[in-house]
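Mind looking over this structure? Questions follow.
Each chain carries a letter (A, B, C and D) given by its place in the written order, and its residues are counted from 1.
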Amino acid sequence: MRTKEQYIAGLNKLGRNLYYKGEKIGRDHEDLIPSVDVIGATFEAARNPEIEDLCTAVSHLTGDKINRFCHVHQDTNDLHKKQDMTRALCQRTGYCVGRCMGVDALNAINAVSYEADRGNKGETGYHGNFLKWLEYFQKNDLVGSCAQTDAKGERLKRPSKQIDPDAYLRVVEKKRDGIVVRGCKVHITFAAVADEILVLPTRALTPEEGDYAVAFAVPGDHEGVKQVVHPHNFRKRQRLARGFNWGAADSYVIFDDVLVPWERVFLCGEHQHGGICALLFALFHRHSYSGCKPAVGDILLGLASLVSEVNGIEKADHVREHLAELITIAELGYAAGYTASSLGKPELFIPGVGVRRYGPGSYIPNSIYANVGRCLTGDSVYHEQEILCKLAGGMPATFPFEQDLFNEDLKPLLDKYIRRNPNIPVEEQIKFWLFFTDFACSAAGAVFNYAGVHGGGSPIMEQIAITSQFDITSRKNIVKRLAGMKID
Amino acid sequence: MRTKEQYIAGLNKLGRNLYYKGEKIGRDHEDLIPSVDVIGATFEAARNPEIEDLCTAVSHLTGDKINRFCHVHQDTNDLHKKQDMTRALCQRTGYCVGRCMGVDALNAINAVSYEADRGNKGETGYHGNFLKWLEYFQKNDLVGSCAQTDAKGERLKRPSKQIDPDAYLRVVEKKRDGIVVRGCKVHITFAAVADEILVLPTRALTPEEGDYAVAFAVPGDHEGVKQVVHPHNFRKRQRLARGFNWGAADSYVIFDDVLVPWERVFLCGEHQHGGICALLFALFHRHSYSGCKPAVGDILLGLASLVSEVNGIEKADHVREHLAELITIAELGYAAGYTASSLGKPELFIPGVGVRRYGPGSYIPNSIYANVGRCLTGDSVYHEQEILCKLAGGMPATFPFEQDLFNEDLKPLLDKYIRRNPNIPVEEQIKFWLFFTDFACSAAGAVFNYAGVHGGGSPIMEQIAITSQFDITSRKNIVKRLAGMKID
Amino acid sequence: MRTKEQYIAGLNKLGRNLYYKGEKIGRDHEDLIPSVDVIGATFEAARNPEIEDLCTAVSHLTGDKINRFCHVHQDTNDLHKKQDMTRALCQRTGYCVGRCMGVDALNAINAVSYEADRGNKGETGYHGNFLKWLEYFQKNDLVGSCAQTDAKGERLKRPSKQIDPDAYLRVVEKKRDGIVVRGCKVHITFAAVADEILVLPTRALTPEEGDYAVAFAVPGDHEGVKQVVHPHNFRKRQRLARGFNWGAADSYVIFDDVLVPWERVFLCGEHQHGGICALLFALFHRHSYSGCKPAVGDILLGLASLVSEVNGIEKADHVREHLAELITIAELGYAAGYTASSLGKPELFIPGVGVRRYGPGSYIPNSIYANVGRCLTGDSVYHEQEILCKLAGGMPATFPFEQDLFNEDLKPLLDKYIRRNPNIPVEEQIKFWLFFTDFACSAAGAVFNYAGVHGGGSPIMEQIAITSQFDITSRKNIVKRLAGMKID
Amino acid sequence: MRTKEQYIAGLNKLGRNLYYKGEKIGRDHEDLIPSVDVIGATFEAARNPEIEDLCTAVSHLTGDKINRFCHVHQDTNDLHKKQDMTRALCQRTGYCVGRCMGVDALNAINAVSYEADRGNKGETGYHGNFLKWLEYFQKNDLVGSCAQTDAKGERLKRPSKQIDPDAYLRVVEKKRDGIVVRGCKVHITFAAVADEILVLPTRALTPEEGDYAVAFAVPGDHEGVKQVVHPHNFRKRQRLARGFNWGAADSYVIFDDVLVPWERVFLCGEHQHGGICALLFALFHRHSYSGCKPAVGDILLGLASLVSEVNGIEKADHVREHLAELITIAELGYAAGYTASSLGKPELFIPGVGVRRYGPGSYIPNSIYANVGRCLTGDSVYHEQEILCKLAGGMPATFPFEQDLFNEDLKPLLDKYIRRNPNIPVEEQIKFWLFFTDFACSAAGAVFNYAGVHGGGSPIMEQIAITSQFDITSRKNIVKRLAGMKID
């Protein structure tokens, strides 16, 4: 397993294909440092005796100890540990830990490539390609990003009905040495600081849409790949350092007629498996949210209880009610993921078919519980912000800049007037408000509300997953029986 | 294990201490038949090969096969099965199955009587009394009710501050042959059709309030016990029978200076254990709700999907959204209970002390998860009704009476105008609407909304349990560390 | 103007066409008495000096003083008074006052019949027919009901696409002496105790659906009209009388090939005016809700504040929050109606055309404000019930029957244990809980939740009215201008 | 009346007492330009024939035509026009128009200074001072800011119980030539670009707290006044200019032992009038919100409908539902203000006294309606953002920077992949998304959510105002009468 430093050294060897504010930049750009530090924490954790048990696993390919973010889940215990690792790391970094995209994508492709080969009766070698790539990925302890969301064009039209056929990424040519793909994957968080980008489809596909059923992996700087980067960092600090300086960076990952060698192609043309791959990545990723959203909930709870303490209102009834709400959201999200882990199996719901064994035996979390949990936490994002706002009052909106806080004319006056709870030193109160403002009144915070709602699929997608997969008929039959109706 | 018929025969031997509409009635009164049938279903289930595995257990006292409603949970598997049994039986009867009060009370008293004896260094014999009573209870396969909620008088004043000291049930005299208790336990569902009533405290108590720290069991017709009964049944049917005719009956259980023999006393005077007993019963009972509320959710989902089908709107977008909401509420409630079961231990949170081993080794569900689940399902009751209302339209509010539906002048006209979905025979539609009306527009349905909110403790009580038991400090520390604050 | 007694005498002269529980009944049936008393209150109010100013008007036809429920609104002051009269009378009767259906229908037909004649260039005499009927109606101080909602069959199919063409009421024959109509209007509240039934269409119609564009008036017992009645009364009292014994009765009003003489026909075949008539009645009726819903809100507020006082929790913070919510809902509903009254004009939004002058000069409330108010109050119904439930606790669900409260064994015990607030005599507390139970845990209360959501059109209908009538384009243009976009 | 240019020239003459990022700055600092432009719009509007009728008034002091923001409301028509002016100007600038603070403060002080003199039986000359100042203010067409919110220290302790008595601004010395005040007013929006700062108390006061009952006016650069400024601007544009470049700036306004000459003192020591002054300013300001929040609602509606159009989903059912919600919130807020204007009187609710005539005859909006409207719009802020988020999808969170959009490598690719609705030129779509991002994913947008919730008093303050002022007793009596209870 690599160290954080080795990871950074690796990034710095990558070619210069990132664009930011009109310039090409290197992966050592200062606005990417927070993102690099976040991913870096996953390397540190794997060597930290306190949590290495959560953060490492034994490769089913090589028997080596590997970072859990490179692992294919072999049993329910792996699912539980992935959930708990995600929660633990997000608590440490302060928000999204970023490396889950890779592990979720590789678990999806692992199963889909196996089934596609099986469906093709051995005429394709997708799963072999994938396992070879996976061994390389595990051995080198690489960071994977997953590029799923397409540009999409007109959103109510399917890929084959778009005016621009490239609105969804597709194969435009098959060559002897590989396939040529064209398209743009958007909102790809942490792609700028990933070693490898895993690409897979974004939706169900029809038989005519085989060209969109493509999955593969390329290095982050692969020829023809351009990333337009949008970092989301908190305001820079000069005097009062944060404990961890979280940040993220999203990319538009443009595939401008990119050649992908065949040995890195894991699916190409099987429309039905393309749709399942989209669904399955979403499922694994919603399961990841059962780790990260409770961690964000932990932070929101800490903010809410501390802001009440700083304001001196911690004993008011409505504070208790709000804290209970925050805990309830976070722990219901966790419980849903826990149940999804416990009920995990090498099985999947296939639209139009039902639940059946799927993949080479690797474990898949229960879909209903993964979805109801994500649905709740996604739907609660703005309400959680509202709770913070109500408990905080106006402070985060107008809090003075660090430079003013230390201006010599102002410091004694601002210290005097900022002080609220007399039992907490004013400097601690100041550090608290600055951090609160990061979450509540910054552009990055606002962006992460969008991520909190839409990441892993918007609530409407989870509702579709839930209603299409849940056994509603059996509930109709319960009612028919109770009502004395004939059951058919 | 008894048959339903033996249970009924037992009830009919009890003395005549029920009051209903100003008269004394027997337990064979026709308005109690639905309640008897509901409890009766728990006897039938224990003999039904389909679900006997869920509904029976092996007594840790005798090694006999017993009804699970008489069982002390020995491991997490017992907790899982109790949750699943409750869901399965509520699906069959159509609402609350009623017998959970007894099993929850006996599990609470089992642990508390043990700890009280331990605290008293063996000077009391509560636990021995209890085990002897429990063996009798299990051998005779009795139905237990739990009388917890007191009359309470002025609700913001504690027991010892009330003008009338009997506002909470208390010991008024200790005699050689037993204790004399006075008070009134209210809203005691199914007490009228129970063999035994387990009594325990309703809240935390101060050292001055030892007289209120009392737990014991008496037969339902014990001398001096008067029950004022309020049955909640659906409208009687003459032609179109329901598949199961659900009903419940609540009692005011009045203890008018009742002598309880010492061998039936399980706690008497230990104020701290009294408070824990209240808390622990509530915990077990909230865990029961993780079985029954998902079952009610199953029925609501069946109603919602069928009403959409009958109305011919099942493909409208908002229907999908509403069905997803109903599933999400029910399955989050289930997942919370599942997690509480899995994380169950012979441990309890003691206010002011923290989590510690508690009781003789029997299993207690995790309190946080039991509470967050119950909180969600309690808070969703009226919203669920609103969903039904929106999907149904006005039909349930004005649906004709059965007698009109079969009146010969009206039948052809009403059949013509009631018919909606042409693919469902109109008689089936009629049976459906009559059943829907039971749930949506009846007094019993409205009463069960109150039970759904307040049963097992009102949402505000769960919020208090959650915020007082959750480790908020560790979340403050997460934030302090991230903010760069000093952690103390 | 008639007295209540004259109104009752009139009802008793009507023919026996009501069906109830399989029997034909007279309008003097005891289960209709509460409904008769409610309508009766509108006669008493018109003679009560305290509110006769609100409850009477001067006929624009005859100059006579008439009951305002028979009046065509002549200016914004009339709109304000109709709103305030409705609120005042609902406060007195305790819920819906019932006679608004008539005044809303006649105001709609007044305008539509005028415009239809104008569209027909004078070839029809609808408006003359209507004015003649109206003069008769005003002179005899009659009670009108409005039959709008059709049986509807498959709800996503329009009238002309139904398998049964009678799913919506229609003209099946035109004769020399009148038209023959067939169909069934459902959920027609207070039709059983009305003198006249005004019939009008329920939705927008296509050119092929002219037969469904029909409006007319018939006496409540007109030949061929059958009413299947469903009364909604509170539990009968024997000892503790209510101050006003509210009740309502809904009818399925079946038109079994009914001949309507031409002079009572106000629209027949003009499909576009049929749709406008449906819309316009709904608009007037939603304006009525800006009077009745605030009155129901007043009662809910009284219940909520009194239940807090009885429970002794009136100073708790969450009580204040809940009371504020109840006031906010009611007064926003009132303010919306007030604004709709103030901005009233002889103008209407015509789908596909925009706002234009409509009708003979009579006043129409502003549609946007009438709709947003109704939307809020409809969407709040179940939340209001939840507030009552949370404040009350379990009492209303299990409160003893009147007969038990006065049973001599039980009375001293129940008085003792029911007593909460020591400053309120227990008998007053008992009367309070019995009344609270009427609202919270009765079938009639549950039915009126359905009425509260769907009456005057379901929330989804109001949303359609709002989005189709609001000037969204101008708001797009505001954004385009601010964003620096080109405005077209 | 001044021009915008004269206003700017005036600002530039003010002394240098603004601190920003550790430096002293002038009022011509580039980060204040958006704020100056916003206030500038109020000068332009008064000369714009399209809306000058709304934006000007006739001074009751001089008979001159003045800017309405300097006017004392003389009748209900003035209240209506102030509401409509506010809505119109916020639509033009794109958010808060800023100058309402001044007009709301001067209307409050006008009434309070009059009543304080009356209470003092003419021994004080507050009202005369105020009128003289007002004439100067009107003649010079000055911009007023209102400094109300104090630093507050421990928030559950009143001013006289604070460890630091300066936690609330107070009089520390009375001199022959004036009073010396000390304290800090926080979150004072647009104070940095105002000519005059009106200071008044923030809460109810006890007799011991007379030093806190102080109201006065000082120029923005008055000696001893220091402003710590926090501008909230949208991201700077280089190529694609906004139509209006909105921004605001908040100040901590520190009064570091400031001498206020007696002729500028309008209240000094009268604790009861101090509390009323706080209440009355809040009332006028909540009435202002009935203008600005509907305007913000107009913009949100424009954003929501345009984003649906750009995304090509404008015909989906859930879009209609969300648009209806946005309209409902905005128009209920407007209707509440409209009703508050119509029912306005020279009367006020005095805590402990009830409603009575107040002030010299100037008009005060109805408090209940002003509060319920503000309560709704404040409580809806985060839900409105959630609606935008759901309709937009991830675009605003990761949208490329302007420099990337025009980078020559990227432009053709980004134009290709950003294009959604084929009927809107991609450059228009880009301008739209950039503007949407301003509102949805910027620090300034997040800050204005805080303003939207807490400005004019937090929702909890409105709830207190509502429940303390509403006639709840009469509603209890309605219920008592209906329930048959004795009414006392």
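Please note the rule applied: a contact is a pair of C-beta atoms (placed from the backbone, for glycine too) under 8 Å apart; a residue touches a chain by one contact, two chains touch by 3 or more.
Note that this is a predicted model, so its numbers are computed, not measured.
K.L.:
What chains touch chain C and also chain D?
P.N.:
A, B
K.L.:
What chain is the most remote from chain D, judged by the mean position of CA atoms in each chain?
P.N.:
When every chain centre is compared against chain D, the largest gap points to B.
K.L.:
Averaging over Cα atoms per chain, report the distance between chain A and chain D in Å.
P.N.:
39
K.L.:
Provide the C-alpha centroid distance between chain A and chain C, rounded to the nearest whole angstrom.
P.N.:
Whole-Å distance between the two chain centres: 51.
K.L.:
Would you give the residues of chain B that are in contact with at least 2 other chains, written as numbers and ranges?
P.N.:
Chain B, residues with two or more chain partners: 316, 318, 321, 460.
K.L.:
Residues of chain D touching chain C in their complex?
P.N.:
For chain D paired with chain C, touching residues are 91, 94, 240-244, 246, 298-299, 301-303, 305-306, 309, 320-321, 323-324, 327-328, 331-332, 334-336, 338-340, 342, 368-369, 372-373, 375-376, 428, 431-432, 434-436, 460, 462-464, 466-467, 470, 472, 475-486.
K.L.:
Give every residue of chain C touching chain A within the complex, in rising order.
P.N.:
316-318, 321
K.L.:
Which part of chain D faces chain A closely enough to touch in the complex?
P.N.:
Within the complex, chain D touches chain A at residues 19-23, 149, 151-157, 163-164, 166-167, 184, 186-187, 226, 228, 230, 250-252, 254, 256, 311-313, 315-316, 318, 381-383, 385-386, 389-390, 392-401, 403-404, 406-407, 409-410, 413-414, 416-422, 440-443, 445-447, 449-451, 453-454, 458-460.
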